[in-house]
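Below, chain A partners chain B and then partners chain C, in two separate complexes.
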Partner chain A sequence: MSLAIFLQALIGGLINGATYGLIAVGLTLVFGVMRIINFAHGEFLMIAMYLGYFLWALAGVDPLVAILAATPVLMLCGIGLYGGIVRFALKVPEINQMAVTLGLSLLLQHLALMLFTGDNQLVTLPRSTAGIALGPVVVQVPQLLAGCASLVLLVVLYLVIHRTDFGLTMRAVSQSRDGASLSGISIGKVYRWSMAVGIGTLGVAGPLMVSMLYVNPHVGALFTLKAFVIVIVGGLGSFGGALLGAMIVGLAESLAGAWFSASVAASVPFLLLILVLLMRPQGLLVRRRA
Partner chain B sequence: MQAFRTLRALAACVAFTSLAAGHAQAQETVKIGVLVPITGAHAADGNRLLRAHQLAADQINAAGGIKSLGGAKVELVVADTQSKPEVSRSEAERLISRSKVSSILGAWTSAATIPAMQVAERYRTPFIVTSAVTDAITEKNMKFVFRVSPKSSWAAENVIDFIELLRTRNVKIDRIALAFEDGPFGQSATTAYKARLGAKGIAIVAEESFRTGSPDLGTQAAKLKASGADLVLVVAYVDDESVLLRAMASQQYRPLILGYGGGHVHPTLLQLGELAEGTYGVVEWMPDLKKPSTEAFVQAYRAKYNDVPLSNAAQAYAATWVAAQAVNDAGTASDTVKVRDAMKAIRIADGPASLLPNDALAFNDQGQNEVGNVIAQVIDGKFVTVWPDAVAARAPVLRN
Partner chain C sequence: MRDSKSLFISIALATLGFLAALSDRYLMDIFVLTCFYGTLAVSWNLMAGMTGLVSLGHALFVGIGAYSVAWGYSVHGWPPYVTWPMAVLLSVAAAAVIGALCFRYGLRGYFFSIATLAFSEVAFYVVSATNALGRSDGLMLLSADDPVLHLQFFEKWPYGLIILVILAATLWLGHALLRSRTGYYWRALRDNEEAAETLGVNARALKMRAFLISAAISGLCGAFYANYVAFVDPRSVLGVDLSIQMLVFSIIGGMSQLWGPLLGAALLVPVSDFLRGLTAIQGSNVIFYATLLIVLALALPQGIAGWVARRGRRRAAASLAQGERA
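Up next, the complex of A and B:
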């Protein structure tokens, strides 16, 4: 393999990693705070992608601008998800919680199938086929935009979690729910807003993804599985872990794809998952609890 | 959703039985078994096939039914495979032993077709394979199995014929690359391509595979570009193909593209606009084939369902007419061996069943209809049949 192809795979992997990170971070945030696994995460991504598509198809809105509309809508979805479903699911055993979000995932997929049919929809912009040459590597403009925007948002999220009072209360709840409650933090409120932020990140990811990919009712499922691998590799509930996991998965996929056949490349993230579960079951960036 | 599908299937069954009851008062009907997936993963495809079967049956009955049996009406007995091979087998048995059908048409995928056709062979009832393309189906020396659709490996042969035609017209094709989806679909089609290109001594300069749903195919595009291929044979679903074409365009790499089957000749591809323009695709049938029977079928289908039929609908439609004509020629619907003998002798060069892209629908010694594929090109944002000349709507737009 030539150096040019290696560099192409490297840059492609980093960009994929950044977008995967954006998707995974919402999942890990919700888990970190509420200890609930949201199997419908990918379906909310699908909804955000359809929002991006329809804003472009019906109103000619550029997907980058559509982020401004999709993010509040997805945050509302998150609040609705908490108030309407998760709030009640928190009181039942974990296995039932999983069944609830899994059911929601299937429901949303089939609703989308009824409303939008199974056909793929594409957003076609002049920049869809544009590429920027960085030395021997050509980066597609939509991919580059998605990668950069993901990094920006991840930085913003990091600052929110580590530098604001809201972030402090979130971290407090995630460390000790009872302790936080005793200190006067309203648990319900923190849960509601964590869900809003966790799902809201998909409002950014959706329009970016649809401009480089396509959207159909099952597109979310492609990413749900990957997001789970990422958060488990990085450590469930860890922000940095999700980011690290995303980069590892993105790079591993891309580099393995350049060397081997696609089936082999697709198995690499799962091999990593098995290795991590065997060697460091708590994830790369989470310290084992005493 | 499952419950809804079951309900819908039930409703369909009730509709057909009540239809049948209406005819039964007049005289014995000619029963034709239709084995399709009405529920399960392939429900959408099965329901599309059913529409075409139903359209053919309605037309046969409107034209006076089966003439040699005093105008007996055709009655479709529909059975649901539930997209499962084992159900397909048991339903085929039920159609033959309980419903006493004169022949069976079906059953969408090769996996569901093979067990059902074995049942038909055992019970000596003709089985017309409408859409399954696995080569082996008509290579097992079955006496009661017929197929209107082509063998899958013939697509590769047709593509090579087309490449040679382009070469004679001074289109530069010296280096060929393969880009395929790394699943059963992509792998089997690519194997056929490799075997046949190898036999012709045509070198393959690159083979790039990808998983369906990859968000970035930049590396694959870069490797294809580095191979210097001037024709890329793509075997992929339309969503992945659009990602690949965009990645190639962003690297200023615009070779000739020849896609495969319904994965390429798909409305989604046209959303790519200028990028899809000029690309070719090999496909079993096109609604614009230059044949009077195709025109009539597309018109009737549109009038009844307000939709454009896909290639498998044309195959299902032709199979229904063949089943009716075999009963007519045999002069009996109950002696299925005679129906089989009549089917073997069939040769339909005009009329509704002649809409597939060969001169005449007929079965060879193996029960296989010798029908090739056609090549469609995107011209002015539409799929247009450009090859073979006999049925082409227009000549290919060449870029030299």
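Up next, the complex of A and C:
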């Protein structure tokens, strides 16, 4: 393999990794605070992608502007998800929680199939095919935009979690639910807003992605699985871990794609997941609890 | 004795279903699919509901079973009396490797579920890329010169009979296991692993036993599926959807009873087929059972079977109390 192909795969992998990071951070945030795994996470990404697509197809809105509309809508979805379903799911056994979010994922997929049909949709802009040459490597403009926007948002999220009072209450609840409750933190409120932020990040990711990847009702399932891999590789509930995991998965996928067939490359993230689960089940960036 | 009663009732009802379906090919098809999913869900629940190991990758074993038959037949012309035992053995071997890794490193809860999911996804993509297994196009089982030997029947009822026997044997085996020492240990592990281990229960060996038995039955079901449908592809036998279906049937039917998952399949398979025929709307059957899943998982955490069993216990207690008063 020539150096140029390797570099191309490397840059492509890192840029994909940044977008994956944005998707996975929402999942890990919700798990960190509520200890619930949302199997319908990818379906909310699918909704955000459709929002981006229809705003462009019906009103000609640029996906970058569509973020401003999609993010509040997805935050409302998150609040609705908490109030309508998750609030009750927290009271039932773990396997029932799994069943509830799996059921939601199936429901949203097939509702989307009913409303939008199974056709692939894509936003095509003049800049979609434009590329920027960096030495031997050509970077597609939509990819670059998505990568940069993801990094900016990840920085903003990091600051929210580590530098604001809301972030402090979130971290407190994630460390000790009862302790936080005794200190006067309203658990329900923190849960609701964590869900809003966790799902809201998808409102940024969705419109960015629909200009480089086809959206169809089943696109979310793939990203849910990838997001699982990422957060487990990095460590469930760890912000930095999700970012590291996303970069590793993005790179592994893109490098494997340069060497092997597409199908084998698709299995690489799962091989990685098995390896990490067996060697370091708590994830790369989380210390094992005593 | 109450337990034996429910075993006999479920087998008798399944036999009645078979007799009722004899009249019609379409009904027999529904019956076969109900028993197929029912057996799978019961075997899945031996792990999930009884031992507390929620697998999200059980399609892997169905896939191994189905591909053993499809590959053995279409490449070598092997008959079922060679390929079916091979299907079971290979499924058990795969479960032994996965189980050894997962239990050695103490994966529990969500982590075990996601590890099994990852194994089955790897198999999905590897099979989709393997030429000998027909890649993502799958393998077709063409008609044989000696159809009966290769379990190729024009009528559907022989398949109904075979799957009925498999179902009855699974129920009987599950019943016997749950009343044995092993079954009590399983439920002790499910309820509190640390406490059970403190009392001397060998958690790793017992979890492994549940995993192997469950995988063997799923592999057998996969072998049956390949002979019944005569076509196997990664999407139908190795997909995540199949693994999730076992969970759906078990949650709705109820995981606390052996027959709960069978009840779930018996309710959902016919209804979902009926809905598919009723409306032209794509996926209306999935919308129905996904909604049912969400509502039941929240409102009846023990499923329909758990609700029935609790009512039964309450009635028994009430009649006992009345007897004492009298």
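Operating definition for what follows: the second predicted complex is superposed on the first by the 290 of 290 C-alpha atoms of A that agree within 3 Å, B and C clash if a C-alpha of one lies under 4 Å from a C-alpha of the other, contacts with A are read in each partner's own complex, and residues count from 1 in each chain.
Basically, contacts are C-beta pairs under 8 Å (C-beta built on N, C-alpha and C of every residue); 3 or more make two chains touch, one makes a residue touch a chain.
As the structure is a prediction and not an experimental result, all values here were calculated from the model.
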Practice prompt. Look at A:L122 in the shared chain and tell me whether it touches chain B only, chain C only, both, or neither; answer first, second, both or neither.
Written response: first
Discussion item. Under the stated touch criterion, which partner chain does A:S181 make contact with: chain B (first), chain C (second), both, or neither?
Written reply: neither
Discussion item. After the superposition on A, what does A:H110 contact: first (chain B), second (chain C), both or neither?
Written reply: both
Practice prompt. Please indicate which partner A:I37 is in contact with in the superposed arrangement: first for chain B, second for chain C, both, or neither.
Written response: second
Item to complete: Tell me which partner A:V100 touches in the superposition: chain B (first), chain C (second), both or neither.
Response: second
Item to complete: Identify the partner contact of A:A266: answer first if only chain B is touched, second if only chain C is, both if each is, neither if none is.
Response: both
Practice prompt. Look at A:V92 in the shared chain and tell me whether it touches chain B only, chain C only, both, or neither; answer first, second, both or neither.
Written response: second
Fill in: Which of chain B and chain C A:I274 touches, first, second, both or neither
second
Fill in: Shared contact residues on chain A - chain B and chain C
110, 118, 261, 263, 266
Discussion item. Could you list, by residue number, the parts of chain A that touch chain C in their complex?
Written reply: 37, 85, 88-89, 92-96, 98-100, 102-104, 106-107, 109-111, 113-114, 117-118, 221, 225, 228-229, 232, 236, 261, 263-264, 266-267, 270-271, 273-274, 277-279, 281
Item to complete: Would you tell me which residues of chain C are touching chain A in their complex?
Response: 48, 54, 101-102, 105-107, 109-111, 113-115, 117-119, 121-122, 124-126, 128-129, 135-136, 240, 244, 247-248, 251, 255, 281-284, 286-287, 289-291, 293-294, 297-298, 301
Worksheet item: What residues of chain B sit close enough to touch chain A in their complex?
Response: 1, 44, 182, 209-211, 213-216, 218-220, 222-223, 226, 238-239, 242-243, 246-247, 249-252, 267-268, 271-273, 275
Discussion item. If we count contacts the way the header does, which residues on chain A are in touch with chain B in the complex?
Written reply: 2, 4-5, 8-9, 11-12, 15-16, 19, 110, 118-122, 124, 128-131, 138-141, 143, 209, 212-214, 216, 219, 222, 254, 257-258, 261-263, 265-266
